[in-house]
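The next part holds the structures, each set out as C-alpha cells.
Next, two complexes with subunit A in common: one pairs it with subunit B, the other with subunit C.
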Partner chain A sequence: MITPNKLLPIISPLIAITLSLLVGAILILLAGANPIVAYTTLFQESLSTYFGLGNTLTKMTPLLFTSLGVLVSLRAGQFNIGGEGQIYLGALGSSLIGLYIQGIPALIHIPLALLMGFIFGAFWGLIPGYLKAIKGVNEVITTLLLNYIAINLISYLVQNPLKAPAAPSPYSPLIAKTAQLPIILPGSLAHGGIILALITAGILWVVLVRSPLGYQINVVGFNPIAARYAKISVERTIMLVMGLGGGLAGLAGACEVMGLKYRLFEQVSPGYGFDAIAIAFLSRGNVLGIVLTSLFFAALRSGANVMQRSTSVPSTVVYAIQGLTVLFIAIALALEYRGKEIKN
Partner chain B sequence: MIYLQLENITKHFNSFIANDKINLTIESGKIHGILGENGAGKTTLMNILSGFYQPDSGNIYLEGKRVKINSPRAAIKLGIGMIYQHFMLVPQLTVTENIILGTESKWHLNLQKKQQEITNLSQLYQLEINPNAKVKDLPVGTQQRVEILKVLYRGAKLLILDEPTAVLAPQEVTSLITILRQLALRGNTIIFISHKLAEVINLCDTVTVLRHGQAVATINSKNTTTHELAELMVGRKLSLNLQKSPASLGKLVLSVENLQVTDDRGINAVHNISFQLREGEIFGIAGVDGNGQRELADAIAGLQPIKAGKIDCSSVGTKIGYIPEDRQKMGLVLQFNVGENLILRSFQKFPFCHQFLLQKQAIKNHAQVAMQAFDIRTNCADIQVSQLSGGNQQKVVLARELAGEPRLIIAMQPTRGLDVGATELVHQKLLAERGRGAAILYISTELEEVIAISDRIAVMYKGKFMDILDPEKTTVEEIGLLMGGGKKS
Partner chain C sequence: MNNFNLFSDYLVASLHLSIPLAFAALGGFYSERSGVLNIALEGMLLTGAFTSATITFYTSNPWLGIVAAVIAGGLVGLLHAFLSVTLRVDQLVSGLAINLVASGITSFLARLIFNGSTQRLPGIEAIIIPGLSQIPIIGILLFQQDIFVYLLLMLIMLTTYILFYTSFGLTLRAVGEYPPAADTAGLSVPSVRYCAVIMSGCLASLGGAYLTLVQIRFFVEGMSAGKGFIAIAALIFGKWHPVGSALACLLFGATEALQLQIQAFGANIPYQFLLMLPYIIAILALVGLAGKSIPPKALGIRYSQGDRH
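And then the complex of A and B:
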C-alpha cells in the first residue's frame, strides 16, 4: 500500500525543483531573456541531443556515485561533507594503477583500477569514521578539512612527482589503454562509468532496504541507544558507513580519470562532492530519488553553457537554481518537522 | 462560582475523534481531576485549553464569558497556565532567569529586582525556593515548583497539570499535594490530569473520566472508589487484585555476588549487591528513581561493564528478555513500524533473515501474530511506532522481549506511564511467563505494584539493598521508609 508518508520523499523534491525553476525564471527575466526559451534550450540540449545527453551522463556519473556515498553515511546519521576529497583520493588510487601497471588485459586492469579508487576513497572516509566512532570527533569538521588536504595533495603530486614530462600544465601522463573505460555513446563523452554507477545504485538499494546490514545502519542512524541495547556495534557501523561512503565517492574520482580524462589532473572535481550533499538531502535518503536528482543536476550543469551561448543568460543562473532547490527542500523539511511537532 | 465551562467541545484528527462533545464545568477554587487511559483524549482537551489546538466545534467560557483561545500566548493572557509532565526549563539558567524567560521586553534587565519579586511570590504561595540556584542542580520536585511559580508569575488563575506525579518520589508527591491544596485555598482553580486513581481521589474535589474522547462521568471524588473509577476508565469490569498462583521455584537462573557497577560518569552506582533468582520467581526491586536500578539492570543484561563482583547467568545464554526503563529512548526505534521493531534483537536470524535478505512477509506475519497476542491497537500495521500511544508502544517492547521463551526477564519500570488496561496486560503476561518457569527481575517505583506481583522484594537505596522482604509480611509504609534510606524500627 502506498501511504502519503511514502510518497512524500518523491513529491517534495519535485515541488522544490519546480519552485526553484520558477524563481530561476525571474532571474532569467532580470538578465533580459525569455525564461521559456532559456529553459527549453537548456533541457533540450542536455537531454534530447545526442552529444548533450552524453555530456549529461558524463556529469551524472560522479554526482551519482558521490551522492550515494553521502546517502550511506546519512542513513547511519553521519554527515559526510568529505565527498570532494574522497573523489580526489579515488582518482589518485586508480591513476596509480593505470600509470604503473602496464601490459595486463583490460578485463583485469579496469576492475583493479576501480578497486584501488574505491580503497583510496574508503581510506579517506575511514579516517573521520574512526575519529568519530572511537574518539568522538565531529565528522562534519574532519571530513570538511580532509577535503583541503586531499585537493592540495593531488595538486602537489601532479605538479611534481606525477607530472607528465614537458607538460604545459600540471597533469600526469596518460594511463594505460587497458585501464580506460569504454565509451558507450560513440562520438560523445559518455563512458561506461554511468552504467557502473547505476548498477551500484541498484545494489545499494537492495543493501539499504532489503538486507540486515541496511536495517542495522538504519537503527544506528535513528536511535544509537536502541542499537546498543540490541547489541549492534554503533562504532563499527559508523566506521563501515564512512568507509563505504568514501569508497563510493572514490569510484566517482576513479571514473573521472578512467572514463573522461585518462590522466590525473589538478581539478579532478569542480565541486561534485558538494553538489552531492545537496542531492542526498534533496532525495531524503531515497535511492531512486538520488538517481533522478543527479540526472537533474547533471542536466543543469551540461546545458548551462549552451544556454549562455544562445540566450546570453549567464551560466551562473544554473548554480542559483541549484542553490534555490536546496533552500526550498530545507523549507519543506522544516515545515514537515513543524507539522509533526504540532501533531505530537 | 463557575470558573471554567466547556460546552460540546469536539476535535477531529482526520477520521479520528479525539474529543467528542465534551461538557465540563469547574468551579473556582476547586481541584478537578481528569482521568482517562492513554489516548482517551486528555492531552487533546488540555491542548485546546492551552491554545495549541482549536476545537472543531463547541464553546469555552471563562467566568461566564465566552472566550476564544487562539494561541498559547492568548491562553496565558486569559490566566491559563499549563505545567507539562516534561519540564520546559533551561537547566543551565537560574530559577529567576527561568521564571522571567520571555516575559521581559525592556532593554535593561534588573535581575536583583526580579529575584526579590520571585522571593516574594514564593513566600506568598509558600513555595520555598532559592531564586539563585541553577535549575540543573535542583531535585525534580523542586524543578516542578519552578514550573508552578513560572505560571503563577505570568498571572495564571487556572493551573493545568499534566501527569505531574509521574516523575516524583513518594515524599515529593506529598509535598506537591500540599502545594496544590494551598493554591486552591488562595482561589486558584486546578485541573489535575492523571491516571493514578488513588491520587486523584485523595487530592481532587471532583473527577471527570474520559473514555474514547467522551466524558463518561463526572463524580464527586468523596463518593467513589478506585475500583469504580478504573472500571469507568476502561469501560469494563476489572479485577484489581492480581490472580497469582503460589510460586513453584525451579533451578537457579541468576546469581549476583558482591556486584559493583559504575554509571556513565564513572561514579559507583551499585554497591556490593548480592542476590539469587530461581525459575518461576519474581524478584521485585523497589526504590526511588536513580538509586542504581538502571545500572544494575544494564549490567545483568550485559550492556554495562562490571567493576567488581560476579554475575552468573550462564545457563540463560541468549534467552534473556530486557524491558528497558525508557521505551522511547532505548526500547524502540520510533521511526520503524511494529514489525521492524519486533525484530530489533533478532533481525539477523531465520526466519526474518534468509539468504542474506530480510524477509518482508515473515516480518509482517510475525507482527500480525504479536499484535493479536499482545492487543497492540493500531489501524495500520505499517504505521511508525512513534504514532502509537505509550501503552501500545510498551506492548511492542513486551511482545519482542517475551518472544522465544526467555529464561530470564528483566522488567524495568514496565508499567511507567501506562493506563489501567495496559498495566493489567503487562502484569498478566509477566505472571504467565513466571508460570512457564521464567525468572523475572521486576524493578519499579510503584510500591503497590511491586508488592502485588513479587515473590520477594528488595528495597534499593543509593546503590545498596536496604533489605529483602516478604511481600506477604510487609507494608507500603515499611518499604517507603526503606526507599528513603530509613532503617527498620
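And then the complex of A and C:
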C-alpha cells in the first residue's frame, strides 16, 4: 500500500514542476501566445510524434548518463559539477578509437570506443577525486574549473591536429562506420545510446541499492566518521565515485560522437553537464526519478523549436522553465527538511 | 613608435577585459569571505548586463541603466541569501539554480525586448582628466577611463580598508572563518551574510553593466560567457584578498587580450591554451603549487544557531 510518507518524495518535485510550468505560462503570455496551446504543441511534438520522440530520446541520452554520474558522486557526499568537462573528454576518447582504429568488426569497435570514452571521462573525474581525497581540495571548485580546461582542449584539438582536411568549420573527419552506434528508430535521430543509458541506469540501481559497494558509498556519504570505524576507506571511496561519475559522463560524450555526429566537434555539450546536476538534485538521488526527470528535460529541449515555429514563443522559455524547476525544488526540499526538523 | 602604440593598445585592452572580472571577483570576495559560496556570480553578471541594457534601451539613459543593474543585482543577491542562509539550501545548488534561471529568463526576455536588434545602446563615455591624461601609457591607463574604472579602483581600496581596519571587516572575517565564535560574541551570522551576499550581487551586476554599456554596447544572450567562473578562479588565485584578486583579474584580462590579438592576426599559435590559463592557475593555487590558496574555513557550510556546540 502506498502511504502518504512514501508519496512525499514525489510530491515536492511535482509541485516544483507545476509551479515552474505556471511561471513559464506567464512568460508565454508575455510573448503574446496562449500557454495551453504552446505547452500542448511542445509536449505533443516531443512525446507523441515519431520524429519528435526520436529527438527527445537523443537528447535524453547524454542527460541520463551525465546525471547518473552526478548521482553516484552525490551518494558519497561529493558534488561533481564537472560533468560538462567529462562529457568533452569522453567524446575525445571515443573519437580517437573511432578515427585511428580501422578495419575491426563493429562488435569489438563499438565497445572499445565506449570503453575509451569511459576511461577518458573517468580520468577527468579522478583528478578532482584525487585532489579531494588526498589533498583535501574542495571538489566543487576543481570540477568547475576543469570544465573550461576540457572545453578549450577539445577546441584546440578540432581546430588543429584533429581537424578534417578542408573542413569549413572546426570538426574532425568522420569516425569509422564500425564505431557508429545503430539508429533504433529508422528515419529519426534516435540511436542505440539511449538503450545503453537505460541499461546503465538499471545496473547502477542494483549496485547502489543492493550491493555492498552501494552500501559503502552510502555510508561514506552519510557519515564518513562511521565509515572509518567500519574500516571503509573514505579516500578510496571518494576517488572511486569521482572516477565512476566521470566515466558515466564520459559515456554521454562518447554517445554524442558515436550515435549523433559521428565526429568530434567543438560544442559537444550545450550545458548538459549543468542540467545533469539539476536533474540529479531534482530526483533526490533516486535512479528512477533520474530517468523520468531526464525524459522531462529532454522533452522540453526537443519540443522547444517546434513550439517557437508554430506559436512564435522564443524557444529559450524552456531554459527559464528548467531553471525555475531547480529553484522551486530547492525551496521545496528545504521547507520539507525544516518541517522534519521541527517535528523531531 | 608603432610598436609602442601597439603595446599601449594592448595594455588598455587588457585593462578593459579585466574590469567585468574584477567587479565580479570583488562581489565574490564579500560573499565568500562571509562563508557563502557564490557560484551565482555568473548569473549576477548576466542579470546586470540584461537589466542595464533593457533600461538603457527604453530610457536612452545609461545612468539609469547602471542604477537598475545595481538594484537587480542586489535582488539576485537577496535571493541567494534567502535560499542559502534562511532556507539553508545547499549554497552550490542555490547558486546553480540562480545561474540557470538568470540565463533562461534573460535569453527569453531579450528575444521579446530587443527582437534580434543589435542597435548600439547609448554608452558611458570616458572621463578624460586634463593634464594627467597626457602622460605616456599611464595617462591612457589611469586618466582616460570611464566611471567604472575609477569606481572599481576606489572600491578595491575601500574594501581592503573595510576588511582589515574596520569592525565590520573583522565581523565579516569571523563569520566566514568560524561562525560559532561570531555568534557567541553576539554578532548575527545571518545578518552579516545577508549583507555580504547582497553587496556581492550589486558588485557583480555592475560588471555586467560594464559589458553592455561600455564594452559591447548591446545585449547578447549568454554574454557573461563564463566570466563569473573566471572571477572565481581570480578569487582563488588572489587568495581571497581584494588587491590580490584584482591583480589576478588583470592577469586574466591580459591573457584574454593576448588571445584575441592572436586570433585577430591569424597567428598560428593555439590560443586555447591561453584561455585555459586562468583555470589551470587557480587549480595549481588550490593544490599549493602556485602559493597555497586556502578558502575561508566556513565557506560553503550552512550555519544555524543550533549548530553552536
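By our rule, the second predicted complex is superposed on the first by the 338 of 344 C-alpha atoms of A that agree within 3 Å, B and C clash if a C-alpha of one lies under 4 Å from a C-alpha of the other, contacts with A are read in each partner's own complex, and residues count from 1 in each chain.
FYI, contacts are C-beta pairs under 8 Å (C-beta built on N, C-alpha and C of every residue); 3 or more make two chains touch, one makes a residue touch a chain.
On a predicted model such as this, the values are computed, not experimentally measured, just so you know.
A.B. asks: When the two structures are laid over each other on subunit A, do subunit B and subunit C clash or fit?
C.D. replies: Result for subunit B and subunit C: clash.
A.B. asks: Could you tell me if A:L112 is touching subunit B, subunit C, both of them or neither one (first, second, both, neither)?
C.D. replies: neither
A.B. asks: First (subunit B), second (subunit C), both or neither: which does A:I184 touch?
C.D. replies: neither
A.B. asks: Taking the superposition as given, does A:Q216 touch the first partner, subunit B, the second, subunit C, both, or neither?
C.D. replies: First partner only, subunit B.
A.B. asks: Would you sort A:A226 into first (subunit B), second (subunit C), both or neither based on which partner it touches?
C.D. replies: The first partner, subunit B, only.
A.B. asks: Once the shared chain is lined up, is A:L21 touching subunit B (first), subunit C (second), both, or neither of them?
C.D. replies: neither
A.B. asks: Thinking of the overlay built on chain A, is A:I104 touched by subunit B (first), by subunit C (second), by both, or by neither?
C.D. replies: It touches nothing on subunit B or subunit C.
A.B. asks: State whether subunit B or subunit C is in contact with more residues of subunit A in the superposed arrangement.
C.D. replies: C
A.B. asks: Under the touch definition given earlier, write down the residues of subunit A that touch subunit C in their complex.
C.D. replies: Those residues of subunit A that touch subunit C are 27, 30-31, 79, 81, 131, 135, 137-138, 140-142, 144-146, 148-149, 152-153, 155-156, 159-160, 274, 277-278, 281, 314, 316-324, 326-327, 330-331, 333-335, 337-338.
A.B. asks: Which of the residues in subunit C come into contact with subunit A in the complex?
C.D. replies: Touch residues, subunit C against subunit A: 37, 39, 83, 87-90, 92-94, 96-105, 107-109, 111-112, 221, 226, 229, 232-233, 236, 270, 272-273, 275-276, 279-280, 282-283, 286-288, 295, 299-300.
A.B. asks: For the complex, which residues does subunit B have touching subunit A?
C.D. replies: The contact residues of subunit B facing subunit A are 13, 52, 302-303, 322, 324, 329-336, 340, 343-345, 347-348, 353, 356-358, 380, 382, 384, 386.
A.B. asks: In the complex formed with subunit B, which residues of subunit A make contact?
C.D. replies: 1, 3, 5, 206, 210-212, 214-216, 218-219, 222-223, 225-226, 228-231, 342-344
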